[in-house]
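Below are two complexes that have subunit A in common, paired first with subunit B and then with subunit C.
== the complex of A and B ==
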């Protein structure tokens, strides 16, 4: 039964836009799928290989700009960006990893944070190429959300399946060995520098593809959006941590939770505060309703604290513990 | 036949000379003991051989080839396995996965790596522990896992760094049996050890160092009666009596 669960979920997701025709929910699901791809990429380099990256936006933005610039400068379909975006992100990842994988632990994390900022500044300053803060606007290909939905779903499924495939191969064993002990890995004949590069490039490729899809879907990007530290890089880390670091399905669950929480705050608890403000007419309530949508970062912070305290391995990593807490009688049943 | 040779190895850490001009040769098929008091440079020599530190000067030869300066993973691929004094298990992986990861260095595909790993686990007597998470093993078995993992890379030469330290007397006997068994399977061994019972019973030849310099070499009997060795271990007054 258990091995059919992914298949059942996949069928449900395929039928989702047919059943639920509300464009808003379809939009949210597309965002979830994009985050599944980004989270899976982050999970490969940080979760499985242990090299925590704070610079996923560098790859995401590169992918997005590749798609956008191809359409803007050469007037070819931005969908070519899906093919080239991943490789463009790898072109950023390669020299970065080559130099910065000499650094270990927090020093690598800091270097990746710097990469994020460097890329954002380049995109802002290089106006002739990127139009700087003006951003890039392209015409969306489809009016309906449904084609985007299936493309995003395909990307998400491919990411998860690809990561699962990699982790079952020799590369997977090497990544885990590097995460657990780099010196031991070297003495076991693993070229740690090379395999950290492989891992980073897989992450960059998946994230770059997600970025290109984001460009196609949203139709507009600027450096502040796609190279954003807290909306992309930190969000990628949160998706990984909340879903479960170093688990195959963790990023998928994390993406769902994070997009939901993000939306929950953006809409002011689904319009709860707006309603309260209208009902009571108090000034305090009106200002709360106005500011709550900007408080999502605070919400993320609280969520991370709770997850680290009670589910240090994330929702997927501590699934049994979570189930045991919610349904205590089920646990007893299994024990008896 | 000489399998391994260290020629005039020198290692300085800043102004400190950790190893000064140490040379020795290891014959194929022997157990070669390396002894010396704390801080005499034994582990430094191992770290120089597997290139965790670059050597200051001198050269290292294996199977007739100069391997000085090869990267650590290439040295393992060339056929020199090593264990660590402070054990480094891949904590959150199972014992079997630890060994499979090492076995990939010689295996072509996953099935072959799995087969090599199972064979090595059987050989080293860790089969009953294969599904346990490595960090939950007791110290004796962690040390054994170190040996198993380096054996899974199919080495010709094995560097054992204090594999018997911290073990109970019974575990020490088991460790001695395993080391002999590895030698009998055709692997040459260089062993660093503090426990004299181990080093004296299993070594064919012993090389003693102090303050990074050679003070004696020969059979266990010759070395244990050597004046400089007694002086280094027990102090000057014992050497005269």
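== the complex of A and C ==
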């Protein structure tokens, strides 16, 4: 039975846009799928290989700009970005990894953070090429969200399957051994520098693909959006952490939770308080609704703190602990 | 030549302040081994406290140091005690959980400020905010010079504190070898709490003395966090002397970059220096001086 769960989820996801035709929910699901790809990429380099990267936005932005610039300068379809975006991100990752993988732990994390910032500055300053802060605007190909939905779904499924494939191969075991003890791995004859490079390039490829899709779907990018430290790099880490570091399905769960929570706070509990305010007409409710949508990022930040404190290995990683906490409670309820 | 001298002066004055920001980060990094990505955000909190005190109570920004520093010390100590220390006992796959925690704390601090003060730009206007004096052809901003000397004062005080006092020695011992310090009877938990508090208080002081010449909005912390870690890497982890030289180097590099290359490259220069140092001088200036 357990074997079929991913298949069942996949079928449900395929039928989703047919059943729920509300464009808003389809939009949310597309975002989830994009985050699944980014989160899976981050998980390969950080979760499995143990090299925590704070610079995923560099790859994401490179992918997005590849798609955008191809469309902008050569007037070809931005979908070509899906073909080249991943490789462009790898072209950024390769020299970066080559140089910076001699650094370890927090030093590598800082170097990746610097890469993120350098990329953002380059995209801002190189105006003839990237239009700087004006950003790049392209016309979306489809009016309906459904084609985007299936493309994003395909990307998400492919990245999860790909990560699973990699982790079951010899490479996967190399990655894990590097995470557990780099010196021991080295002394066992594993070329740690090479396999860290492989891992980083896989991560960059997946993230770059997600970036190219983002460009096609959103139709507009500027450096502050796609090279954002907080909205992309940190968010990618949170997707990985909340879902479960070093698990195959972790990023998928994390992406769903993060997007849901983000929307939950942003819309003020999905308009619950606004609805209450409209229903009761009381001023107090209206001000509560206003306050909540005002403080949505604050709620999000507090959630981050709580998750790191109490669920350090994420929902998938700490699943048994979570279930253990909920089930006794249920049993007690039934007994009483 | 005048431009050169003017740039030099501007760079050194800025560098003194950066040094003060860097020392706090360097202390935290040396003792706990974590990058405090909420460092600039703590500075932002201190700036808001200064703003409130000066705007609503009418206390001069420099006098409010006596209020901002203790409050920041308290804030830092509470953060360490209730959010970072518990993480040490939690086992997780990644050791970087504490760094992520500081990111989360930074977010909470920024959003709380935005919630209270909105995103509007604020500033504190004092009689000396725009005052300048001249030595020859070179102009000095009065507020920046005062800030520079206060920063130097705090730096010297920190030196004395770390070298001569009991707590200072414990902090250095913990930074050098945590287990050995523990065996020698140093309460390492207490030391981490004090260190984080001190780091927060120092960056708080930097924020307060910057207030008369700077403007303030909730997102101001981010760039300063970045500067702080560039300084820390430049100087070498945990090195106080290194942090001062790191701060001066960054201040000078930014000033010269802005004068001779272009204002837009201001932030880039710091990051490029950062990557160069990581590559060619890992360990920072500490490696050269052995202090």
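Please note the rule applied: the second predicted complex is superposed on the first by the 301 of 336 C-alpha atoms of A that agree within 3 Å, B and C clash if a C-alpha of one lies under 4 Å from a C-alpha of the other, contacts with A are read in each partner's own complex, and residues count from 1 in each chain.
FYI, contacts are C-beta pairs under 8 Å (C-beta built on N, C-alpha and C of every residue); 3 or more make two chains touch, one makes a residue touch a chain.
Just so you know, these numbers come straight off a predicted model, no measurement behind them.
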Subunit B and subunit C placed together on subunit A: clash or fit? fit
(request) Based on the superposed arrangement, let me know which partner A:11 touches: subunit B (first), subunit C (second), both, or neither? (result) neither
*asked:* One more residue to check, A:126. First (subunit B), second (subunit C), both or neither?
replied: neither
For this session: Mind working out whether A:186 is in touch with subunit B, subunit C, both or neither, as first, second, both or neither?
Result: first
Field: Contacts of A:173 with subunit B and subunit C, given as first, second, both or neither
entry: first
Between subunit B and subunit C, the one with more contact residues on subunit A is chain C
Checklist entry - Now for A:154: first (subunit B), second (subunit C), both, or neither, which partner does it touch? => result neither
Smallest inter-chain Cα gap (subunit B/subunit C, superposed on A) in whole Å equals 8
Listed in rising order, subunit C residues that touch subunit A in their complex are 29, 33-35, 83, 86-87, 90-97, 99-101, 103-105, 107-108, 110-112, 114-115, 222, 226, 229, 233, 264-265, 267-268, 271-272, 274-275, 278-279, 282
Counting only contacts in the complex, subunit B reaches subunit A at residues 50, 52, 71-74, 76-77, 81-82, 84, 88-93, 97, 100-102, 104-106, 109-110, 113, 149-150, 153
The residues of subunit A that touch subunit B in their complex are 168-170, 173-174, 176-177, 180-181, 183-192
Listed in rising order, subunit A residues that touch subunit C in their complex are 46-47, 50, 52, 99-100, 103, 105-107, 109-111, 113-114, 117-118, 121, 124-125, 179, 229-230, 234, 237-238, 241, 245-246, 294-295, 297-298, 300-302, 304-305, 308-309, 312-313, 317
